[in-house]
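Please find the structures below.
Okay, so chain A shows up in both of these, paired with chain B first and chain C after.
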Partner chain A sequence: MVKYVIKRIVLMIFTFLVIATMCFVLIKLLPLPAIKSQGRDVEIILMRREMMGYNKPIMVQYYRYWKNVLHGDFGVGEQMYPSLEVADIMMQKMPYSIVLNLYSILIAIPIGLLFGIYAALKKNKWQDHLISTAVMIFISVPSYVYAFLVQYILCFKLGAFPLTAASMEEAKSFFSWTMFYSLVPAILSSAFGTVAGLTRFTRAELSEVLTGDYLLLARTKGLTRSQAIVRHAMRNAMVPILPMILGEFIGILGGSLIIENIFAIPGIGKLYTTAINVRDYNFFMADTFFYTLIGLASGLVIDLSYGFIDPRIKMGER
Partner chain B sequence: MENKINIPKEKFAFAKREGKISDKKLETKPIGSFKDAMIRFRKNKSSVVAAVIILILFLYAFIVPFISHYSVNFRDGYYKMVLPKCNAFAWLGWDGCKVQNEPQAGYDYYSSIGVEYGSSAVKKLKGISYDSDGKPRYSISVDSYERVGFAYCDLTSDEYEALKNYQNESGIQVMYPMPVTYKNQFKAISSPANIWYKLADESATSTGAALNHNADGTPIFEANYMISDNPESGKYDSIKLPSDTGGANGDEWYVYAVRNQTGYRVRVLYKEYYFYKNGFYANHLFGTNQHGQDILACLASGARLSFILAISVSILNFIIGIIYGAIEGYYGGAIDLIMERISDVLASVPFIVVATLFQLHLAEKVGAVWSLLFAFVLTGWIGIASRVRTQFYRFKNQEYILAARTLGASDKRLIFRHILPNSIGTLITSTVLIIPGVIFSESMLSYLNIVNLELSNFTSIGTMLSNGQPYLNSYPHIILFPGVFIGLLEISFNLFGNGLRDAFNPSLRGADE
Partner chain C sequence: MKKLLALLLAACMLFSLAACGDNGDTPAVSGDQGGNAVPDGGNVEPAVEYPTFDLGAVDLVEAEVGEDQTVGHDSFAGEAGKDYTDLKEYTYNDYTAGNQNLNFNPISWETNEDSAIFGYTTSSLYDWRLNSTKDGWSIVPEMAAGLPEDVTADYVGRFGIQEGDDHRAYKITLNPDICWQDGTPITADDYIYTWQMQLDPIQANRRADSLYAGSYVISGAKEYFYQGKSAFSSFDSLGTDYAGFINQGHTDDDVYIDLANFWGIAYEDGTTYGKITDETLIRDPAVEEGQDGDYVSPKYLWDNYLGPNGAYAGTGNDTQFVGSLQSYEANYSWDNVGLLKTGDYEIVLVYTKPLYSPEYYIPYNVYDFLINRPLYESLLKYYDANGNEVPAGDPSAVSTTTTYGTTPETYMGYGPYVLTTMELDKQMVYTRNENWWGYKDGKHTGMYQTDKVVVSVIPEQATALLALLNGEIDGVGLTAADMEKYGSSDNIYYTPDSYTTKLSFNTDEASLAQRGTQVLGNLNFRKAFGLAIDKATFVQSFTASAQVGHGLLNYMYLYDPFSGGVYRETEGAKKAIVDLYGLTYGEGGDFDTLDEAYDAVTGYDLDQARQLMALAYDQCVADGSYTPGQKVTLDIRVYSTDETYVNMFNFLKDALESACVGTGFEGNVTLSMTADADYYETMYAGNTDVIFTTWGGAASSPYTMLYECYCDASDGSGNQMEYGFDTSKVMVTIELNGHEFTNNLQAWALWCDDSDADANLVSNDGELTLGMFSTYDNVTRSEIFGKLEYAYLANWTTVPLYYRMSASLLSQKVNYATREYVDMVGFGGLQYATYNYDDTEWEAVKSTLQY
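Up next, the complex of A and B:
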């Protein structure tokens, strides 16, 4: 068990290093972005580039970069946030993404589970068909389409919610009511997809469990339908559902590119798209590493959590 | 058991005495696995409907460029953000009119457009309200096509002559008299050429374009044209307004054209001038965007790009995935291990990073579309490859494969003739389901402006959405049509894919994923 976990972690680090190296080389192969400022600023930027070693061979830069990263230094911004530490800016932006996604999944998980359970219990009745159709629509339609719809109805037609996220000065804290209120349209838009996905998954798992023989036995030995479902069916259906929820929780760090763009939330996703559009490679690189790491970590947690949730699943066995 | 049935012996006869006994030939045609799948697919109503919708959207994307007057390149500076209009369905509200809430000046401005040629930009007065100062505000339904009205136009001498000839031949008046020049700071204005009437307040600081009014509130449209004593001022010898009779003394003629450095400046009725230039009147079924591009044509072009991209990506992924997965699964062992690691690493790279890096490296060399295609193919085949791999592990040790191998079948024959056909149904399903994913990612990347697909004669749905976003409040139609299109397309493709999966593999019916 421990051996398997260690093996998986080593493998994950290996994968991460391969990807990071590829990205680093590919980015360093690009010509440095043109300098937009004029006069003495140009000289200063050129000097800084020289000092940062941007003109040295890639191998040397690679070594320096990792040495700095191990000390928590991801370089400084050049095109956006000039001369500010990349790591600091990312730490400033991250709370927005975390708050948004945290609220969104905290709303989405109970609703998704409830709908999924209800649909599974009413399988092939009209309630199930209704829920399944809605789920089909919300899974298929891209999130930006209903984000636009939410924005149009809630922000423009009803005028009930502000167009952009509240700034820190207004909101005081990330968990204040003002902040939550200003994020409601974004939270709703990103919750739709999660609710639909979770509903579909729960319905599929639970309806499969409900046909099991042990459930028949449970009913035969005298348990009521609700007892049998809560004590036997739900527990087994939860085995694949819980890891999925865990994965969602890790994903909240990443933010959502589209939702943050539409609702102008200054989170990590917005930072990423801006970094690409203005060609700020230090930000791009740090963000890329961050996203890759999140993806790998959530995959790992999902896989390992199976063994913790259900001891019957022996990990590392083929 | 008394009532035994007694059949006398004579009644028995031999069915056939001579000849061989053989099975009757089957009267129905044999049903192969594909045909079987088709029969099952046809029973699934929602998937059939989805297939029809996909076909319609597909035809729309490929036929519209041939029958529409417009293309992505067609931009008109005056018909910007014009609303959707369809003459056959005008009664449904599809009439190109927009309800606006205007003060007196705006109301006068819009109602004056069209008086000169016997029409009106204001289609309906919906109501009047009064604000706290007691000033009226009019809720009016303005035709967004008529709203354009007149425009000043600088023509060279040749163009000017040609336009006069056109007027004389067709009898359609395009050029109208020049108004006395006003300062252009009036608030409600889309074109200063539309103020042809006398204003109530002509001071330089006025920001309103209000008319004079009678005591009972009816507006007085009093022409305020430039006047010359020469009836042929600006060498104008074409159709004139009926009111242009030379005044009391025969020395007050309207001026239709003013000479400038390059030729003549004239005031044209824009819709007729548009007809003169293009050969058709402006009519946009889906309206136009802020660049004056027709949304119907842009959407067809974007959809075409999406379709072509998605279909080529799925075909390439299908081919690469089959080859890679077959090698992995068939040979197994060390080859499998190494190839699995490679695809694991590739699968862990976030797609957006791949797309960005390809864009940064390749877009200038091979073009944005090609680099996006490569980015999709780089990681897209992994799903299919792993599916093929599992199928191979399942079948490669079965007896019929062993038998074929004993009979001397080559590896190639075993892979393609004996193992692969078992999984072709699932593979087709997952290939089809790649298409909506690619369309979604493509529109997302172009919406975020990470990929710029706005080439010379192409646009993409994502670009259209990001163009329309600033106008979501006032002109939602710019986003509505691309949004509805892509939503419909995604739903249909997913339903279609699910139908295919159920048809090819009935044991999975109802299960998701």
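Up next, the complex of A and C:
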């Protein structure tokens, strides 16, 4: 197992380097944004780009970039947040996204599991049909639609929650009651999709397990239905469900552009797309590093989790 | 399998590294100009038909210096009976849709979001205020103790000032009460230090050019900033051309091409200009490798385009993009810069040319944001060429960084409010600056009732509107969809701005041919398309409050800022529009007066559009630009595919197809939409047919617009959006004082721009040479400019649609000083805002109010 983990980590590092290199090359192949700026001296912009090393051959830039990154320096913004440290900006914006997504999945997971289990147990009855219909609606409708609905109904019409997320001046802490309360509309909007997905997945897995021969055997051995479901069906159904939940947890580092915009949450969701659109090299690379690492790490953790959830699954063995 | 995967990944990495090496010669400015102007390295041969214009006579009347140019100094003293000093708490809750970029360093800020902080935390030497009758503006000394004083005579022998010169040097005495937010006095040293840092060559601060760009240039500022460097100077700016330059004793080795602006290329080391004799091949990133033109040399560009036998000889490009290299003196002394301290509370500004009406132009132009020396020095880091940090003053230092003006702790203000807290892209809070002199000097009565300002970031307008209705913010911009509900609200305010939104057409034959859209090169086709657009319906459907527009300039532009005279309301400007749409007036005309004719212009005439389209069809078939039955789809690039853009596109598509009804184009010519966030760049590269464009500028200088935004470059290298429309080939004749002047439109526009003393025009008979445009009176200038505006519009390479105006809803907590928008001061600003409720009262009533 240890050998397998080491192998995976080495491969992960290698993959990370390849992706980072390719992204570096590709973004550098794109031209910088125009410097036509009415009334401004173009030479100043060229001077600043020279100071940032943009005139050097890409190999030199690549070497310098890695040298700086290994010293913890991801550079400063040019098109976005000019002259400000990229890492500082990301670290300031990340907590909002983490808090929002953390609350969202902490609420979504138990609800999703409960609905999924209930629907599986009531398969093909009206309760199942009701839940499945709702699930289809929440999966099909884009999140911004119910985000606007939540905001309009709960925040504006009923006045139950603030329209936008609290600032740190009001909330004092990311984990204060004020912050949580102000994030409830965003959490709900963000959780609907996760609840629906998890409900559907749990229902499908549990339904399949419930039809297994071994459950019939368990019942014939004298276990009650509840005992058979809890001791056997649930444990087996959790093998694919738990990695999915783990994936959700790892995904809390990423932001949601639309939800963050609607509820004025200064999270990380907008950074990546903006960096590509305005071609800010340093922000793009830092975001690439960040999301690549999340993706690779989540893949590794999910793979490893199978072995822990079900001891019959042995990782890295033939 | 794993080995195979590893090999595959390794191959990818090698490929990437190979790509690195191959791209080493990509210049830093490869995309700066959106690619070069000529697809596939071909030539720009405009398909647009260039009519000649004989536009009648104008009597030249010279302006008298100082005539009617008086500045008011009376300011509104607040609402009678209003207590501005009560102990209640008043908070103004503002919002911004865009992210805060958080670089509010006064000498290197970038965007409007960055500079918004200065409105709260700084004061100016001179303050623009609502006048006492609330119908105009006044200028009041704030950090200055009085008005600028002409001290040119004291500087004879320095800065090129000669005996008898005047209006070159001005002394400003500072208000002795001014201080930083921590109470430390501000003196002349603070101004001088800020300007020195601003112009420090190794800092390359973004606002350095505020001291040397534009019409009013500080003497020696550019020389100090560029010291030891070389910069390209075009023949236009040197007042000569290639032949004249050579006649001065220079050789071809002294002649350079501005590679970046002409062709969008640069040498490997980033150098953007090259000798016309240089045969070094430079990679052109706009052309695919292996295709013709993937590598070009300066000599190639000279021989084929800009030289005496090139395609652009005599077009103006050969003086705009060709010139010489001006080397700036190394170790240029600060003593030669016209920014002087003459006492602890006295500064002197020396300009390169006379500056008349200093009471207006110094407050308007002077760059007076300050940086705090101790704080700035503590945050400034120096680096050598290898990127290693070196001590301040180290001769190896070549660049700097600073975090000044990025957080409340790294910023020092000196205005009525202090930035107290700031959260990235979320909120900024300002509270009263208890050390601000204005609260104690008795000169600000009736001002600053606001105790606290909270600026929140709310990206979605829909959320912001709900927040206003909930009483959480005090103002919100409205969309067209909001107008149905709130258009009649008592709390709505209309703010005009200087921008005109229009359609811009590509008329370059080569790029139209690539897409098979050569019909757009036909003047009658473009005119027919323009006349088929029902502008009134368009504006009503897609804008909140814009005004139908037909001219390049809207009603915001003042030909005389002192009197408030509006260019668009002059006879010359009205006549341009009336003539454009063919209306007649006077005896035998359709209307009795010019005003009646002007008021009757709608810009929409479907019958005429169809007649012109039929004519265009015949012409296009005849000249081979259209084959009967050929399907033509014009491409319009829009920023995004949101609902508004889609509806606007459908509207225009219907208009075009309607114009084609009954003609040979019917059923064959249509419009398609492409979402393109870089649509301006796409047009600059000639890669689309139509885009929406919006241009605007300083409301007090209307006459610079024609050259700087419309006639500067037809090949995408300047600001001009109408790609391929070469204004240097549009000949315009105007009779001035009995002498005919025939020049191309670009030359006329450059003369109106007033930036080049050598751009003065000479009559056809050679007997009359015009002075600079600014030396003529307002009527003369508006008449001439109106004719030139007509000449531009009559080519129908652009169709103005509307003059932008925004509508906003103000909360019932706050009142502005005036409901009528006033040039320069808007509705009076926050300084004159008053409150109907304090914060406690507002909490109780805010959600019960209707709008």
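Convention: the second predicted complex is superposed on the first by the 288 of 318 C-alpha atoms of A that agree within 3 Å, B and C clash if a C-alpha of one lies under 4 Å from a C-alpha of the other, contacts with A are read in each partner's own complex, and residues count from 1 in each chain.
Heads up, the rule we're going with is that contacts are C-beta pairs under 8 Å (C-beta built on N, C-alpha and C of every residue); 3 or more make two chains touch, one makes a residue touch a chain.
Predicted model, so just to flag it, every value in this text is computed and none were measured.
In the superposition on chain A, contact of A:Arg64 is made with chain C only, not with chain B.
Looking at the shared chain after the overlay, A:Thr288 reaches chain B, while chain C stays out of its contact range.
When both complexes are overlaid on chain A, the residue A:Val25 reaches chain C alone and has no touch with chain B.
In the superposed model, A:Val2 makes contact with neither chain B nor chain C. In the superposed model, A:Thr15 lies in contact with both chain B and chain C. In the superposition on chain A, A:Gln151 makes contact with both chain B and chain C. In the superposed model, more residues of chain A are touched by C than by the other of chain B and chain C.
Once chain A of one complex is fitted onto chain A of the other, the partner contacts of A:Asn261 extend to both chain B and chain C. Legend: residue contacts after superposition of the two complexes on their common chain; A:Asn277 is shown touching both chain B and chain C.
Taken together, the two complexes place residues 15, 18, 22, 29-30, 148, 151-152, 156, 261-262, 277 of chain A in contact with chain B and also with chain C. Of all residues in chain C, only 2, 6, 9, 12-13, 16-17, 19-21, 23-35, 99, 101-103, 105, 108, 110, 204-206, 208-209, 212-214, 226, 231, 260-261, 268-270, 272, 285, 387, 398-399, 401-403, 406, 421, 423-427, 429, 456-460, 462-463, 466-467, 469-470, 472, 677, 680-681, 684, 697, 708-709, 718-719, 847 touch chain A in the complex they form.
Within the complex formed with chain A, the residues of chain B that make contact are 344-345, 348-350, 352-353, 356-357, 360-361, 436, 440, 443-444, 447-450, 465, 469, 472-473, 476, 479, 483, 486-487, 490-491, 493-495, 511-513.
Considering their complex, residues 15-16, 18-19, 22-23, 26-27, 29-30, 136-137, 139-142, 144-145, 148-149, 151-152, 156, 200-201, 203-204, 208, 257-258, 261-262, 272-273, 276-277, 279, 284, 288, 291-292, 295-296, 299 of chain A touch chain B. Residues 11, 14-15, 17-18, 21-22, 24-25, 28-36, 38-51, 53-55, 57-59, 62, 64, 68, 76, 80-84, 89, 92-93, 148, 151-152, 155-156, 159, 162-165, 167-169, 261-264, 266, 270, 277 of chain A touch chain C in their complex.
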